[in-house]
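One chain, chain A, links the two complexes that follow: it is found with chain B in the first and with chain C in the second.
Let's turn to the complex of A and B:
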């Protein structure tokens, strides 16, 4: 019964998401495109944090690298969109392998500091290497060509791009979900709860952590590849630690203990940002206050709090 | 030759300034077992308060050096009693998240109060000139930073190794329950240590103000530098913080002079090298995952 209700809700949400461009204005199409991309970005972060228990403060590095890879390919090589996305994923996977190799060996505190520092290293490179990255202005002025697979799609049309994003995010989310549910995902959860015990069971914790970190980074690269054509620019801001703060906040806001938590957090985040920035410039201040309140009082996030409340009511 | 002398002195003043800030981070970690992400924001707040006291209230530099850190300490006590007290008994991740939230709040508040433009603080008249040393002219202010840095270094060493307060702090760092059992008020120690770390950050901020332009990104820069220092030196180690800070000072002092096109990258390269060969830092011990 419970799963049937859940399935019905999920189906309704998906149907609603598909219908957005037909029932709402471009303003909402843009908002939902952003929610989908950032939702997957936050979910990729949550594989590392919520599942494996490693709090990364440098997730924007993979997001930004994906965006830069996409922009560079569209400017210089004009490859089809899908192929460029694969390159975005490959570039961030490689970067995640290097940063992960140096960071996952040490405990949580070190991991947090190292991911922040290495994330800012990537930011520094994008900022200083003007001949390739165009420095602080970032890369702009690229146009989307063909989609790939012989499909004839006008990607420049926001509605079409929204549906493309919806399709790709849906497929990627299913893959990510299957990874989380697999025995590999279960092992990651076990590592979060008790690394020593997993280690004594004969598993190499470090390798598992590195693989989780690389998978999370790869999916973040995919979302970066999606965001560049959406924003029409790949700029150093996408690599800055304030960008790394966003998936952290989304995951905490939605609930780190659930696969769908980060998506709900991303929706709440984007809607809040849209509302709050019309009143005040101090978005980061509001962000800080929300994060502090969530961490202190609602550590299970919106989803977790609602589910707990629901269980309480049913009793 | 004169270039090398100047670069050395430059390395020393950057290094000692970094030490003052990083050692605060280290002390807080040692006793409270949290990494304070807002440490750089407190440093920045020290610098901006000094700017307000000197340029707007017309106070002398010396008064600002005394008063600005006290303002930051008051804020730190409030942060500790209002926010941090909730998470001391929780998972490490929560303390990282909460201090990160505090960082966001302070950063944005600084932007709102002082604007995103650049502010400049003049060094006091007494220290605004330059002297001939090692065959090159050196800013008097940078010698002043070196002297204060060495004084603080000696003072901290004395505090930790020769005084009762230092022993209490070390006891609380080793085993808080045992310290509690020995009638030490650990609540007070925790608040005191957090405030003391904040004081060091703010003193660093005031000292840095006449050397660097003030902008709302200065705290982010210094927190990343401090992380690099404690990773290179070894988290929680007092000599480690000094070694790490001096190494980073050398990287900046010489890198900025001889390799300007990659100087932003060099600290990270240094950190990655240390991590490859000594994952726990030069003076660090056991921090395996």
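Let's turn to the complex of A and C:
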């Protein structure tokens, strides 16, 4: 019964998401586009953090490289959108392989520091290399061409772009979910709980961690490829360490123990930011208070807390 | 159980629908204009001065019957000096707040990012400060106008000033983004044209925008062979820069120092007599440079209201509101495309004289002002400008072909 209700809620949410451009103003189309992209970004991070137990502080590197790849292609090559997205994913996969290869051998704070250092290295390159990246101003002024697959979609129309993002995020989420549910995903969870034991079982923990890191990075590159046409600019801020902190905050806010937690966290994050910045510039202060309360009292995040309550009270 | 979820769903839908209609506007509502400025951080005084200018214009217009019989209402958003923030802000203003027109932009980097997205919003934008030539050049579009001087105009004037000095070796200190780099590029090209024997040094200095410490860059220029230095640092950064340069004895060296936006009254007010005498200062508008009724009225109203003289940013923002008044009344509507069309080629009276938005690139033909810092003003508490030169806006502008704008 409960599963059925949860499924009904999920179906209603999906129906609501599809209907956003018809029932809400343009402004909310933008808000929900951002939520979907950042939600998948946070979910890709959660594969590394929530599932495998590695706290990466450099996840924005893959997000940003995806955005820059997309912007560079749209400016110089004008390839179809889907092809450009694949290049974004390829670029971030390659970068994740290099950074991951050098980082996953370390644990805990050393891993966090190393990913932070690599992330800031990528940021510095984007910031300094003016001739290619246009320095601190970032790449802007690109136009959206065709979608690919022979489909005639006007990507510049925000509603169309929203539905494109919704479709791509939905497919990517299902793929990511299947990865998490597979025996590979189970092994990752085991590594988080007890890496020594997994190692004694004869599995190469480092390889598993590297693969998880690359998968997470690749999906982050996909979201970067989606954000550039949405923001209409690929700027170094997308690569900054503060951007790496956002999926951490979203995952914790929503709940790292659930696949949909980071999506809920991203929604809460973006909606809170929108509402709070209307009243005060001190949005980070309010966020800090909310996070402190979450971490101290509701360690399972918004989604985890609600599900726990549901299971307890409504027996 | 099922009822619960349906009820929740309906509540959510109702909430979404209510939120969705919140931005709708009606004919007899006030005309809403969205302002996008830097309202936080080291350049926040620019946003504040722009707001002051706009408040004066809106107050005057509303007390004399409004525009098309409707009152004018402003809604502001903070761009934080970031393009991505400004793009979201513009969408929020256009789609959620339902504004009829947009004004603003303090930063060239922000302008480069935002301007290509403006046609999709179908609302006119008048840029009142950001100076990158690109937005009335290769990035130009039918909805974007600029009422303030751009980098190309100001650097042509700067090169003319520089060519009169004895300095041969020139370098620059500028913020590390579009504005700093483009200022140096245009200045160098124009100066080389006018005076081919100048040497544009390869050692240039581009501190990060918002950097607190400029002393390494100051020291580097003092240790070099430079005889002239073009400084395009601006805002709170410029205030910090000049204080640190004073401490290092930078202005005692035998250097031709040119500040491309040094006569911003925001900066002069903050510095008082810490601004050295005898340096070249430029501004997009100097409040004592123009002798006309509108300027006299504006300067007096500004001084009465705020106690210090108006800056170019206040002037541009003030003039932009009047530009919309004229364009909306000419178009007879507040409809975005119609107002944008009315602005094209429009001639208006502004504080700096008769100003035309040039048809080919939508850049207003306004005059850069250059002068040399003189004694303190007895009443206004800022440096005066001596040897004031008012360059003709059209003469220092690029030709339409040079802009790369195709409208």
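Criterion: the second predicted complex is superposed on the first by the 313 of 315 C-alpha atoms of A that agree within 3 Å, B and C clash if a C-alpha of one lies under 4 Å from a C-alpha of the other, contacts with A are read in each partner's own complex, and residues count from 1 in each chain.
Quick note on the criterion: contacts are C-beta pairs under 8 Å (C-beta built on N, C-alpha and C of every residue); 3 or more make two chains touch, one makes a residue touch a chain.
Keep in mind that this is a model prediction, so the values were computed, not measured.
Of the two partner chains placed around the shared chain by superposition, chain B is the only one that A:252 touches, whereas chain C remains out of contact.
By the touch criterion stated above, A:9 is placed in contact with chain C alone, chain B being left untouched.
By the document's definition of touching, of the two partners only chain C reaches A:137; chain B does not. Set side by side, chain B and chain C differ in how many residues of chain A they touch, and the one touching more is B.
In the superposed model, A:106 makes contact with chain B only, not with chain C.
When the shared chain is aligned, no partner comes close enough to touch A:182: not chain B, not chain C. In the superposition on chain A, contact of A:295 is made with chain B only, not with chain C.
Looking at the shared chain after the overlay, A:207 reaches neither chain B nor chain C. On chain A, the surface patch touched by chain B in one complex and by chain C in the other comprises residues 281. On chain A, the positions that touch chain B within their shared complex are 49, 53, 55, 57, 102, 104-114, 116-118, 120-121, 124-125, 127-128, 195, 205-206, 209, 241, 245, 248, 252, 281-285, 287-289, 291-292, 295-296, 299. Those residues of chain B that touch chain A in the shared complex are 29, 35, 37, 83, 86-87, 92-94, 96-98, 100-105, 107-109, 111-112, 220, 224, 227-228, 230-231, 235, 261-262, 264-265, 268, 271-272, 275-276, 279-280, 287-289.
Across the interface of their complex, chain C is touched by residues 1, 4-5, 8-9, 12, 16, 20, 23-28, 30, 130, 134-138, 140-143, 156, 158, 231-233, 235, 237-238, 281 of chain A. Within the complex formed with chain A, the chain C residues making contact are 1-2, 4-5, 8-9, 12-13, 16-17, 19-23, 39-40, 78, 82-84, 87-88, 91-92, 94-96, 108-109, 112-113, 115-117, 120, 139, 176-178, 181, 208-209.
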